[in-house]
Every structure is written in structure tokens, then in C-alpha cells.
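Letters A, B, C, D, E and F mark the chains in the order given here, with residues in each chain numbered from 1 onward.
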């Protein structure tokens, strides 16, 4: 069951295409699939987004809870990011406790958001030492046709930028928008047929080697990196995709701003 | 292991008997097995009952704990009903986390008791907003020869009616009987050989199709229904067993009253 | 995988040796392997020890936490002993939830320490009813070549005797040594080739029958016993190893005193 | 009327808080093909409920101990997304989800021609993206559309709907307020072509007469819902 | 005498709180056949202890990795029912139960002729319905009767009993108060025909002399208990 | 400089709290053969880090579903001992450990000639006995030495080290205070013979220039660490 033979043929096929500088669906090496981004699409969430990249579809939902600040940070609220890939998302996702793959996915997306400092946790304090907001960001994959990382990353920051703190429901003042001061964006590159390509679909994931996830913030600052899967890469290869990531992140940042109306 | 061939033969045998209007142990379609009911049989429990129906034997035990009332219901205590079917009860019950079968069993019995309103949770308040009684009803199967649902249902209400609130041990006033204002009774019907029969034993369960559990309260009010297992039934079939349930529940209610001395 | 055939041959071989009064590594029946004991070897622990017996190597580390005393014992702190045998320790130790073997190991070592009364829990009280020290003793197996029980027992008491209460870090007064008033010692005997031998290595464990663990305190008082594995023994056999344990425990107690500098 | 404070769920003209008549179902729509990588899928919006069902298979059933020699097994999971309710739900299966998954599987197994696929497994994934009241009914209904969309042979679709009782009045297809303040809930799974049942639960308090009324409302509603299901499958994306 | 407050467990005439002499066991009874669907079963009442043991098998051992080529394995579970103690016990295995299950299995494997049933499994289920003190001993004793009742060949029965020390006095078969206020507990599993041992635990504090006294009390008590076991098997329900 | 209170991590002469220069690694030593029952092992002390790696295998991979027809799988576990940190760590795997185990396995699989051992498994156990900062790097480094010590063929060793940023200054090989008060961390896994990479993570905030500085420090440090590794393997206990 778990020893797919197809990948061998698939790998060979993708390698042949790569020699001619092609991808199996006709895209250029650094060309992404069409991106659809919709916000405010989940009525019970305080902030939400839906991202579609090709046949990959994900949702992000933001909820708020009241927490007691940690004793050593009495003026700070919290941010929690949870990513679940349930079996609905594809044939290969099994039920059961979180797989290493989904743990990595959640943690990499979480770091990109958290390390950018886009949420100022002091801004979430209600009563110092007593009450603060905890922002909970839940990522949900509906259809996985590859590159869940970038889809989650995009949905995450869009949902946060769409979020309203439900202060009235908790009798803690007036509702107000959650302040999100930066726009971290993740771009992922996967080595397929010997060279890195951007925004792989499922076939390319199955027939590829290592992948690298880059999260860039405003002014091209690096906030998070992650190399996943077996594979060796050179400094020159990395420099090339880092340079590509800079321009692509910038495009996607514009898309976000447009969608959230800013 | 898990693909029993016997049931096919067993199904055929039970179907043949059904054609002649018979059951494998000679009982009539709506005739129950002999019921033994004993209360106050577990010295460490605050209320207890033992039910035997044929070779099916179960215990119910009631314990009390002090709880803090939920903020939105400061005047109410709680009722918790837990059913465990451990491997002692039969060859087919495996150790490990609760199976879907035992979860359903526990929840259906719980709903029958809870929805009847037989326990007034406001009656369990000790100090509003601070302390209240939590009633914990534990159901325990010792020997499963079929129809654990009804045996559990009967033991549950009998144990509750037998229970004493151990206020002295918790320094919360004087011991007093738990007030139980109604007597919900469950009757279960299982389709065997093409028609519903009452109180199936293990053989009939193995060779049968869907089952329907009906919990009736005083004045024939319906408190809980559950259809379990694969199978299709008609409105007419349901009407017939509902009518049977009304008279049988009434008989069993008398048995309870007798056993708890009311 | 799990039905080793080697043990049969191994058992026969060990039995042949036993007939001649020999052990496979040339030791005498009640001769232990060379013992190395080092304390204060884990910089982040408040007390620590490393024990090597042949190729069996274990660590013990002591940490302290602040706890709220139990309502019925307002003047007492607590002692918790946890033993984990992780897969690092040998080919046969699998990852996953604790096996019955490792649960038994932890509990037997724990009882030896606890029942000797070497830690006076009243001595751990900081503010009656409010704050007390909880001593946490973690046992860690690095290399298992047999007789983890005795290695753990030795490391445990040595680490406790090496421990300093980190009161300053918790703003609870001045740092002071943990008082350990007794020196319980465990000696384990394993039936190999039909007679009990002391301090078995892995081969003897694989080819042996039941084992008996004896923990003795000062003045030969018995604090803990445990018979493990399948096997029958006589009162005379027990009397012989109990007598051996008395002298061996005494030797090891001297070793401890030497190592902790007392 | 029940003593549930000031909430008045039905006015003197028999009109409910959301403007519906007593025997009327909430507005609904169904779309198929919403999970492109699945073999079949459907999204049902029903009041504020937003429910997605995806079907994978038939595929090899493993581990082998779940295989059946003479038929396929349905591996059904009902799950509420963390953001589907006012108070966030912690991820992970719970007893309620497991029970609903079980009775849903049994309802669907009653109509799927499982004997056509011995030893295999059909996965049915039901995800509640937004919850109002009646999510289990919406899930069963969406799942039977998704099975049809996946081309799995069935004897009939299953239409599921719950009527209940609010302030001692029986009403069709409870909404959230009616569910919160109500006194009984009767979800049923109905075969629209024969009126037979494959799913039945109930909790609360219903007199024999009230029970019959709720039953009849469900039977009537099933016809309306069935039309929406058929329409969605006609206009499918395939 | 020990400093445990005002509780005086033994009076000046050597009579204990429950009226027993120092070397006397609590009243007990054993009944077989109490779990009708099991292959063998026994219920032992011993003081307030109420313990049931049921045996299933020999049966095929699965998963296969637990199989032994040359013998049967004993799959033993010791469990305390939630209502068996003053404070309710939360269901689910715990470390204490697992350890008792392990040593119980090893004690029973020492007498069962497991080599007669290669590759198979014998399940032994021990359920504590009501607990006083000495439940593990009652469990082992009841289990060995249940195995005999199931017709499983054994070299001998196992009789288990615990003596201990209370206020520095060694007494036979501790009851609940003696267990709570006592300073040592020595449970043993004895083969009545040879006086050999298959089970031994101890915790607390016993001088060498006290240890020998407790040992001897257990040996004496084993004879008394053995008679009750034999009687139960004679008068069995079969 | 950053606003992290009074802690001044680097003085005016570019000397760090522990006396190191900006581009200098902490003192380190490696010893092989520290787990006598393993097929290969190494202990690396690096600052206060004390890390042990043990290798078992190649051995049969089971359960069979983890087997690969054409290569061995690396089964890597990274774990912090309960007493390895100032605040005790509760035993049991957690999400952080699982992620580190995954990326460590993937780094090592990039150099081990796994295709020489189809269908088999190589276990790599990394235990953090004492933690300062950079335990994942020490773990990867020690594991590659342990694999070599076990005689597992590899294309190269893997050297892992993390540089980062403290108070807006980029420094090599962060120690504990620098990690606590720092603003970025860039761990890398480098093949010393080619300068290629098999492991890369980063979190925090680095401008493009700072990123390049940290990268270069890691490359430089890798050479120093590599010598210690080679030395340990030469002077091994075999």
C-alpha cells in the first residue's frame, strides 16, 4: 500500500520534461497557479479567508478567547496557530493523530506569522495580569492538490487581517478590528527533475525531492525558512529561489491588501 | 478473525424460524427473558442495582462528587452517565479505547435518563455558584448475552432511585435520598429474520439487522429514540413496536417501583 | 520478530554451565559486575548520578518544583519517581507508550526509595497548606546490558543524596542540601539454569526464568520485594538470596557513602 | 408555553422568528464537485449550516481486519471544524462525533449497494464548516449527494431532516434558537421514493400526538429537500 | 506502638478491631459460574472485597506478534470498577493496574500448563466490584479458581494472601483500617500442595524477624483459603 | 540595540558574555562508543550541551508498511531528557520534538547510502542529556558521527551549527543567553566536503545582509566542527 511504484515512472517523466525546461502542466519554472482569495466567508469565525490555488483549496478561521496572561508577561495576550489536514483533503491523508507532515506544516506556517511580529501581543491585553485576548487561527485543508504550505500561509494572514475582536460578546468593550501591522508571505520551492520550481501540484510533489519554504516580510526581511524532505542543495540554488521569492512575495502581498480592502 | 462465517448460517436459520413465527429459544416475538432486579448490592456505592435478563448481567453504581456549578447555571448540579463494556463481559468485547458500539450504548442510555428530566439538577445545589452535587452513574456489564441496552437502562434508573446523597461524608448537611421524580424505561427491538422482536439474545443479535431503542416516560411520553445498524424499516413497522413498547415499559416500571420499595 | 529462537539454545547453554557451577562470563554465582558511580554529572539537574555496571549505564536526575500540599497533609511535600527506558538503551526497547516492563521497573525502584522513609516529606514544607517542594527523580537508561533495576536503584539514592534544594531560584529562602536520612539498596537475583544468580547481564536475562528484587535499608530492614516473570521458587531458595542480599547491600551502601562524600 | 425566559419563538399568527411557517424548511442550496481531488463531493448550505461531504473510493480496505468478504465497508467521519461554532471547538474526535459518524455510516450502508465491491472501502468525509442546528441531518443529506456524484450505486438517496418542539409547539426543521430553547428534536433519515427510514434518533419530551406531528413534518419536508438534491445532481459540474 | 493518632487496631487481648485474632483471616466465600457467557468464572467475597474473575479461551492469539510457538500466553487484566471504592475511580488503565496485571499473569503462568496450547491465548479478566484491602490477592485467588472452573490444566491452584504490620505488630490478612494505618504489607502467592511460591511483593518496613512472622502467617492462612477454593470447585454449578 | 532590558550581550570590543569573539564557536568535544550495546554511538559536549546519539541497524523494518523496496528508512527520534533543562520537561513526545526528528531524519537520509539496504531500517536515537542552545544542531552532528561509528556508508558527514542575531548584531553559534534575548536563529546542516546543504531552518527577523552574514558564519564554523568530528572518529574506541 505504502510503497507506490508510480512515483518512479513519474519521477522519470518529470525529469525528462525538466531537461527541456518544461513542467507537466505547461507552467514556467517560477509560474504559480491561479490564486483566488476570498475573505469573510465563515459566518461563525471572527475573521476568515478561503484560498484556492489550482485545485488546492483551504480555509482559515480566526476565533478569540479570553486568557489569563502568563505571570512573566502580564501585559500580553497570545497567538495560537493550529493546522489540521483531515482526510477530507485527499486520498493520502489518513485519520488518526497528527502525522509528522501535518505537524511540520502547522509549525512552519505558525513561525512565518509569529516571527514577523505582525501581531503585537501587548495590543491584546485587556486588564494587565488578569485578562487578555488569545487569538486562535485554525487552518483547514479542503482539497490538497499540492503546496498546502503557501495556501495556508496566504489564508492565515488574510484571515487575521479580516478579523474583528468580539469584545462585546465577552463584555470587554467595543468590537474593534485586530491590528495586523505586517504582511508575511510564504513562497515554497520544490526540487523536481533536478531543479527547483515554484508552487508544485500534487504530481510534482510525488515525483520531486526536497522543498524549501521561505517566509518574507516587509522590506524583504526573512522571517522563516524550512528545508523539508531528503535532498541536497547548493548555496547557488538557494540564492536563486530566494531572489525569486522576493518578487513573488511582493505580488502576493498586493493581492492580500486588495482582498482585505487596504 | 473478524469475518465470522457462522452468521450467514445463523441468519438463514433464524429466518427459517421466523417464517414459522418462532424464535430459536421458543419465546414469542414480544416476550422478554426473565428479569431479576436487585438494589443496594454494592457496598461502596451510594446507590446500586444489579439486573439479570437471561444470561445478561449488569451492575449500576451511583457515586457523588462536589462540583463547582457552571457560571451560566449557578443553581444547578450535574449528572454524568458512563457506560463501559470491559472484556470481562464476553468473548467479543476487546480491551482498548471505547469502541463506537460502547460509545453509542452509553450515550443512548444517558439520553433516556437525562431527557426524561427525572433528576432535577437544581435539587443538587448546595451553595449557589459555589458548590453542588455531581451525580455519577457508572454502568458495568458483567455478562453480555444480548440486549445490554435495556439491562443498562433498567439498572440505571433503579440505582438512581436507590441512591443516598452522602452529605455527611462531605460535611454538607445530613444524608438524604436522591430525588428521582420519573421512571424512564427503555425497550429495544431488533429485526431478526425480517421482523422486529423484543429483547434479543446474543445469537439473535449476531444474526439480525437493525435495532431500535425506545425510551418512554410516564404517560407514554417519548424521551429518546435510536436506530442502530444497517437496515431499512417502514412507518408501519415502527408503529407496531412503539405500541408494544408502551405496554412493556409499563410492566417494567412496576418492577422498578417494587424493587426500590415505592 | 517477537519469537526469538535463540533463547532456547541460550537457555540450554546457560543450564549446562550452571551444572558446572559456572556463568557464561566467568563470574561467581553471587559476584557482581564492576560498578562505577559518579555524582553531580548533569549540570541542569539539582542532583544527579551516573552508574555503570558492566555495559549497563544509567543516569538519575533530581529536579524540584513548587506544589500545593494535599488538603489532608498540609505539612508535606511530595516525591515522584519516574523511570523511562527509551529506545536509545537497546535494540529491544521500542518507542511508544510505557511497556508493562518499564512500568514495573519504575514502580519497584520507586517503592524501594519511598518505603524506606529516606525522604521526610514534612521536611519539604515551605508554608503549611500553601507551598511545599516536590522532589522529582527521573531515571534514564542509556545502555541496557541487563539488571537495570539495580543500576536505577543505585543511581536513584545517589542522586537524591547529591541534591540541593534550589530555594533561591524559586525565591523561597536559601539553597540547602536535600536531607536523605537512609540508604535503601536494591539487589536483584535471577534464576538462570535452575539457580538464582546475582546481577545478570542481558544474555542471562534472555535465557533465565523468574527474578526477585530485594530492597534493604539500614539494619537489614526489608522495604520492598518483587517477584517478576514466570517461575516457581521455594522458601529455601528465597532464604539463600535474602542472606546474600544482606551482605551485598551493605557493600553498596559503603560505595554510596564514599561517592557522595559522607 | 415553556418557561424559557422571554424568548417567544412563534408569534400569534404561527410565524417563527426567522419568518417561516410552522411546517416550512429553511432556505437551502446544494452544489457538487466542491472538493476537486475527491471522487465525489457536495456542499450543502441550509440556513447558516455550511456542510461539505467528500467521497473517496471504492478503494482497497486496509488494515485487512476491517475488510468484509462480501461487501464494501463505509468509513464515515463526521467532524466540526474548530471555527464552525460561536465557541471554538478543540480539534480531535469526541464521543458525540463518533456516535454521529456511526449512525450516519449505518444509514448510508442501508442504501449503498456495498455487495458490488467486496473487500473494499468507501471513505465518506463530512466536514461542518459552519454550524447552525441540524448539522447531522445536513451531513447525511450532503453525503448521499456526494455518493451519487461519485457514481456509487445506491437504491435511493437519503434525505435527512429534524423537526422538534419549541414551547410546546411542534415545528419543522429547527433553527438555532429553536434548538437551544426547544424541548425535543426528532432527526430522521428518509428514502424519498418509498417513505421508508434508515436513520432515526430523538431526544427530549414528546407526547404521542406531538411525536406523530413531528414525524409528519419530517415526511413532508423530505419531499422539498429531495428536489433540491436532484436538481444539484442534474446541474453537476462533471 | 506507632504514632498514628488515636486509632488502636489491636487491644490488650490481641483482638483486632473486627474481632479477629492476630493470625485469623477475614470471612470469605467463593462461587463459580457467575459469568454465564465465560468459559470459567468465580466470584470471591473476602471481607468487603467482592471480586469476579472470568476466563475465556484457549483461543487464537492475535495480533500474531503476541503468539508464542511453544505455549499459550495469559492475557490478564486487573481492573477496579469505578464504584468499587469510597472515592470514585476514573475508568481507564493506570500504572498500578498494569503492574498488578503483569505480576498476576506471571504468577498464573507458573502453574498453567501453557505448553498444551501453543500459539493460543487465554484471557483472564479480574474485576474488583467492591474493594477493601488485599484486592490483588483476592484477584489471583479467584482467577486460579476460574481457570480450574474453565477446565484449564494446572499443576496446582494459587492461593494468595497478604499479612503485614500495624503499629509494630505483625497480623494476618490486613483489613482496610489495618492497611491504611499499617506500616508494611507482604502479599504472597502460594502453591498449597508444596508450599512453593509464584508471587511475592512487599512494601513498607519489616525487620528480619517481623518478615519471618508475616511469611509464616501467610503460609498458615493459605491452608484455610485453599479449603474454601476446593469446596467451591466441588459444589460448582456445572 | 534591542530593548531587552539591561542585558548587554556583546561589549564594545566585540567580545561576548562568555568571552568569545563574534565568529567563534563554543568549546566542544566528541567521544564515540559511549553506548556500548549500540552499533554505533557518539557523545557531543558543546558549550553546556551534552548530547548522545546511538545507532541500531540496519535491521528488518517492521511494521512492514514502513518498509521501502529500494532503500532503508531512517527512524530518528530526538528527545530531551526530563532533567536536561532548568524547568523539568515532562516525558513524552511533543510537536517540537516530532518536527526536529523529521527534519533530522531528512538531513541524514540525504547522505546515508540507504539504497544499499532495501527493506531495512536504521534507528538513530538522539538524547539531549543537558541542553544549552542549539541542541538540534548538536544532535544532527552527533548522529552523523554515530552513523560513521556504526560503519554505515555515507557520502559525507553532516555538520550542523546555528548562527543568529542578538541586539541587531549577527553572531556565530548562539549560547543560551543569546538565544533567549536574540532576534533570529539560523540553523544549517552543511556537507563539509562540498559546502552543500541538507538541513536549513530559520526563525526571527534578518535583513538580507544580516542573513548573508549569518550564513557565512555557519560555513566558517562548519570547518572547525568538522575537524573535531574527524578527530573523534580517528581516535575511536574500536
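We take it that contacts are C-beta pairs under 8 Å (C-beta built on N, C-alpha and C of every residue); 3 or more make two chains touch, one makes a residue touch a chain.
Only a predicted model underlies this, so the values are computations on that prediction, with no experimental measurement involved.
Asker: Moving only to chains each one touches, count the minimum steps from chain B until you reach chain E.
Answerer: Between chain B and chain E, the shortest chain-hopping route counts 1.
Asker: Listed by label, which chains are in contact with chain A and with chain D?
Answerer: none
Asker: What is the chain whose Cα centroid lies farthest from the Cα centroid of chain A?
Answerer: E
Asker: Which integer distance in Å separates the CA centroid of chain B from that of chain C?
Answerer: From the centre of chain B to the centre of chain C is 49 Å.
Asker: So what's the Cα centroid distance for chain C and chain E, whole Å?
Answerer: Using C-alpha averages as centres, the distance is 26 Å.
Asker: Per the centroid of Cα atoms for each chain, what is the distance between chain C and chain F, given in Å?
Answerer: Distance between chain centres, rounded to whole Å: 32 Å.
Asker: Just curious, how far off is chain D from chain C if you go by their C-alpha centres, in Å?
Answerer: From the centre of chain C to the centre of chain D is 58 Å.
Asker: Counting only residues that touch at least 2 other chains, which ones in chain F make the list?
Answerer: Where chain F is concerned, no single residue meets two or more other chains.
Asker: Got the chain B residues that touch at least 2 other chains?
Answerer: 1
Asker: So that we know how the chains sit together, what is the shape of their touch graph: line, ring, star, complete or other?
Answerer: ring
Asker: Please list every chain around the ring, with chain C first and chain E second.
Answerer: Once chain C is placed first and chain E next, the ring gives C, E, B, D, A, F.
Asker: Which of the residues in chain B end up touching chain D in this complex?
Answerer: Listed in rising order, the residues are 1-3, 98, 100, 103-104, 106-107, 111, 115-117, 210, 212, 217, 219-235, 238.
Asker: Considering the complex alone, what residue numbers of chain D touch chain A?
Answerer: The contact residues of chain D facing chain A are 34-38, 48, 50, 52, 54, 56, 59-60, 62, 77, 79, 81-86, 88, 91, 123, 125, 127, 129-131.
Asker: Give every residue of chain E touching chain C within the complex, in rising order.
Answerer: So the residues of chain E touching chain C come out as 65-69, 95-96, 98-99, 101-103, 106, 109-111, 186, 191, 195-208, 211, 215.
Asker: Taking the complex as given, what residues does chain B use to touch chain E?
Answerer: Checking each residue of chain B against chain E gives 1, 42-45, 48, 55, 57, 59, 61-63, 65, 82, 84, 86-91, 95, 136, 138, 140, 142-145, 169, 202.
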